[in-house]
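Each of the two complexes below includes subunit A, the first together with subunit B, the second together with subunit C.
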Partner chain A sequence: MSGPDVHLLSVGTALPGPPVTNADLARRFGMDPLWEQWVDTFIGTTSRHLSIDLDSGVPKAELADLGERAGRIALVDAGVKAGDIDLVVMGTSTPDRLMPTTANVVADRLGIDQVASYQLQSGCSGAVQALDVARRLLDGDRFRTALVLGGDVVARFYDTSQDLRKLPPAQLVNFVLFGDGAGAAVLSTDPVPGSAILRTTATRLVGLGSAPGATLEWFGPNDRHSNRPPATEDYKAIEERVPTMAREVLGEILSSLSWNGEDIDYLLPPQLSGRMTEKVMALLGLPSATEVSCVAETGNNGNALVFFQLERAFDKMVRGERAVGVAIESSKWIRSGFALEGI
Partner chain B sequence: MSGPDVHLLSVGTALPGPPVTNADLARRFGMDPLWEQWVDTFIGTTSRHLSIDLDSGVPKAELADLGERAGRIALVDAGVKAGDIDLVVMGTSTPDRLMPTTANVVADRLGIDQVASYQLQSGCSGAVQALDVARRLLDGDRFRTALVLGGDVVARFYDTSQDLRKLPPAQLVNFVLFGDGAGAAVLSTDPVPGSAILRTTATRLVGLGSAPGATLEWFGPNDRHSNRPPATEDYKAIEERVPTMAREVLGEILSSLSWNGEDIDYLLPPQLSGRMTEKVMALLGLPSATEVSCVAETGNNGNALVFFQLERAFDKMVRGERAVGVAIESSKWIRSGFALEGI
Partner chain C sequence: MLIDEFLRILRDDLGLYLSDTDVDLELRDVAGWDSVHLLSLCTLLERRTGRELSLPEVLTAPTLASIYHLAVR
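On to the complex of A and B.
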C-alpha cells in the first residue's frame, strides 16, 4: 500500500462490571469445587465480565453503552474532538440490532456525524478487520482520522436459567470462555507525541471447503420455534488449526515488513482462552518477545480483545519498539494480524 | 482519491422465485379488492419475490443461496475466475447467521479463498457502502479485482400465520413493501471491453440527534419472551427526509465530479416503494435523465436493489454515457450514492 503512515493515537476499553470469577460461576450455578479446578487447569480463564446480572439474567448494558465508553476514552486520550473524526469502523459479531448499526448509535452519542461509517460483521478477527479497513481508507485526504471500535456482548446467549450441571462439557464451556467488552482506537495520518505507526494489517479468508469451527445464529420473530442450535463450536478443529494459522499470520506479517522474529518486542497472541493462548505462544516461539494477553482476566470478549491487548502494549511501547498482533477467527477460518512500531 | 480507475465489469442478480403480486397477497391473506387497489395507488409496488413459500411460510432459500447465484453470474459475465478475486465485500441487513458471515459462505461456494473478505451490516445504503469500500480498497496492487455482493431475505420477519386483516396499516405495509433478492458486481482495476468506470462512491452518516427512521431487531435464545417490536418504521419521517437527502447526495456527487445535471443519462433513484421513488424523481428534477428503477416489480429488497438497477443501467450504457445512483438508509439516516461512466 502506498499512502501516508497511519498512526495509532490512543486506545480505550470498557467492561460492563466487576470480574465474574470461576468461584462466582460455581456458586451461582451450583457447580462443585472440582469443576472450578478443572476450569482453572484446562481452560485457564479465571474471570470474565458480563453485561447481565448473573442472578437475574437481566441485561445491564448494551454493546452501544460499552462502545460509547471506550470510544469516549479513546477520543479524550488522543486529544481528538468528535468533529475531527471523518471515518468510523466497527467490528462485532453481536450488534445490538440489525438496524441501525451499533457503530452509528455510538457515533451519534459521541457527536460524530457527516462521516463514512461501516460496521463489519465478524467474530474474533473483527477488531483486526476494522483496523485493516480503517488503515487502508486513511489516505490523508478524504480520510484523516478514524475511530475504530470493536466489541461483543453475549447476553442474548447466556441463559442463566439453565441447569449447568446437566449440560455437556462442550456447551458448558461457553459459560466459562466468553465475556463482554468493547474497545476503541483512534487512527490518524496526523501523528501526536507518543503515537505509534500501524505498519501493516492483514486479514485473509482461509476456510475453503472447511466446515465452520464456530457458528452463531440469530432468530427473527418467525423463528421462535426453530430448533437450530444457537451456537456451536468444534473445539477439536479449533485446537488443531488455530496455532498453525497463528504461525502462518506471524510469518506473513514479518515477511511483508522484512522484520525478523528477534525484532519483536511485544507479541499479542490470539485470545481464545488462557490455555489456548499458552499453546499458541509455545508454537510461535519468540522467546525475546513479551507476551501481551488479557483473556485469562477478561474472558474471550470477541471483537474487543485486541483493543485490551493493544491498550496494554501501547502503554509500554517506547520509540523503536515493535509489536505484532495475531487474531484467528474459527467461524469460517480467517487469519489476521497487524504490526505496530513505536516512534 | 488518488489511485487507478476502478471499473465495473459485470452485474448479476438473483430472485428467489416468481413475482408475488398484490392479488396473490390479497388471495393468500383474505384481503378485499379495495385493499389491492389501495396498495397499487398509494404504495405503487405491484410485486415482490419471496424466499418463503407463501402458503406454508417455510423458507425456500437463504441469502447465501441467492448471493451464490448472483455472484456466479457476475463472475461468468466478467470472464473472471474465482482465483482472480482478491477482495470480497458484502452488504446486508439480514445475514443468514451472526457467524460465519454470509459473505464467506458465498465465497466458499464460489471457490474464492485466501482473500480479504468483509461483510457490512447495513440497510438500504449497504450496496453503496460495499461498492464504496471495494472501490477505495482497489489499489491495483494488493487488491485488483473485487466481488461485491448485496442482498436481503425477510423470511424471519414475514409471519404468514398472522391475520393481516387485523394489522394496523403501518405494520401491514411491510408485507407489501419488502421482498428478497441478492446482487453482485465485479469491480476491477483491469478493464475489459464494455466495462464502465465507477467514478465515485459516497456514503455519509447524517443522523446526528435524530431518532432512527427504521429499526430491525434480532433475537437470541434468551430473548424468546422479549417484547421488543421486531421492526419499526417511521413513515412520516421517511417521507419527509428521503427526498431531500436524495437531492443532497445527487448535488454532492455532481459537484465532486464537476458534472452538471444535464450530463446525466441514467438516474438510479432510491427504491423504498414505487410511489416514493416517483416523489423522489420529481424532486430531483433531471428531465433529461432516464430513470432506472425496479422496486415496483422486485419490491424493496434492501441491499440487493442497487444491483438490480445497476444491471439495467449497465446493459444500456454506451461509451461516454453517465449514470448516477442514490440510496438512502432511514435506519440512522445515511445518504449514499455513486457515479458510473461508460467507456
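On to the complex of A and C.
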C-alpha cells in the first residue's frame, strides 16, 4: 500500500447477557456430570453468552442490537462522531435478515449516513476480512475514517427443544462451542494519542476442492421443512487443518513485514475452542509473545472474536509493541491475519 | 446389557464400521473413533443401563471392551 498509514483508534465489544456456564447448559438440557466433564476436558470452553433466554428459547437480542452497542463504544472511545465516519464494513455469518443488511441497520441506529457501506458474508475470518477491506479502501483519497464491525448471533440455530443425547456428533459440538457477540473498531488515516498502526492485513481462500468444514443453512417458505441440518461442524477436519493453516498465516505476516518471531509482543491466535487454541499456540511456538485469547470465556462468537482479542491487546499495547492476529475460517477454508504496531 | 447390544450402539447409533473383534483394539486404532464418539457412547450407555459413568474412569479404558465392562459392572 502506498497511501497513508491506517490507524486503529478504538475497539468496542458487546455481549448479550451474563455468561452461560457448562453447568447451566447441563441443567437446561438434562445432561449429567460426565457431559460437563467432557466439555471441560475436550472443548475447554467454560462459558458463552447467548442472545436467547435459555429456559424459554425466546430471543433476547439481534445482531444489530449488539453491533449498535459495540459501535457506539468504539465511536466514543475514538472521540469520533457519527458524521466523521465515511466508510462502514461489517462481517457476519448470521445477519439478522438477508435485507436490509445488518451493517446498514447498525449504521442507521448510530446516525451514520451518506457513506459507503459493505457487509461481508463471512465466517471466523470475517473480522480480518472486514479490517482488510477497510484498510485497503482507506489507502486512497476517498475515505478517512471507517467503522469496522463483526459479530454473530446463533439464536435461530440454538434449538432449546433439542435432546442433546440424540444429536449426531457433528451437530452436538455446536451447542457448546458457540456463543453470541459483536465487536467494532474505528480505523482512521488520522492518528490520535495511543493509536496503533494496522501494518498489514491478509486473507486467502485456500479451499480449492475441499469439502466445507462448517455449514450454516438458511431456509425460506419452499424449503423450511428440509431435512438439511441447520448447522454442522466437521470437527475432525478442523482439528487437522487449522493449526497448520495458522502457522502458514503467521509465517506470511512475519515475512511480509520482515519481522521475526521474537519481535512479537502479543499473539492473537484462532479461537475455535479453549483446547484448540492451546494446540494452535503450541504449534505456533512463539514463547516470548503474550497470548491474547478470549474464547474460553466468550465462547466462539465467530466474527466478533477478533474484536474481543483486539480489545484486550489494544488495552495493553504501548509504543513500539507489536501484535499479530490469526483467524481461520473452516467453512470453505480461508486463512487470514493482521499485524499492529503501537505508536 | 450384552456385548451384542453394545456393538449395535457402536454401529447403528454412532455410525462406526466395526467388526466384532474391533472392541479389543486400542482406541487410537479404532477407525473413526474420537472424543465426540466417546461422549456419545457414554451418554447412550448411561441411558441404556440407568447408571452414571465417571469420565476420569472412562478415560483410563484402553479399549471399547473395557468401556463396556465399566458400563455393565
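In the analysis below, the second predicted complex is superposed on the first by the 341 of 343 C-alpha atoms of A that agree within 3 Å, B and C clash if a C-alpha of one lies under 4 Å from a C-alpha of the other, contacts with A are read in each partner's own complex, and residues count from 1 in each chain.
As a working rule, contacts are C-beta pairs under 8 Å (C-beta built on N, C-alpha and C of every residue); 3 or more make two chains touch, one makes a residue touch a chain.
Just so we're clear, the structure is a prediction, and the values are computed from it rather than from any experiment.
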Original post:
Which one hits more subunit A residues, subunit B or subunit C?
Top reply: B
**OP:** Could you look at A:A282 and tell me whether it touches subunit B, subunit C, both or neither (first, second, both, neither)?
**Re:** neither
Original post:
Once the shared chain is lined up, is A:P230 touching subunit B (first), subunit C (second), both, or neither of them?
Top reply: first
Original post:
Thinking of the overlay built on chain A, is A:A107 touched by subunit B (first), by subunit C (second), by both, or by neither?
Top reply: first
Original post:
In the complex formed with subunit A, which residues of subunit C make contact?
Top reply: 15, 34-40, 42-44, 46-47, 52-56, 58-59
Subject >> Residues of subunit A touching subunit C in the complex >> reply: 31-35, 37-38, 41-42, 165, 168-169, 172-173, 235-236
**OP:** Write out the stretch or stretches of subunit B touching subunit A in their complex.
**Re:** 1-2, 57, 88, 93-95, 97-101, 104-105, 107-108, 111-123, 129, 132-133, 136-137, 139, 141-142, 155-159, 203-209, 212, 214-224, 230, 329, 331-332, 334
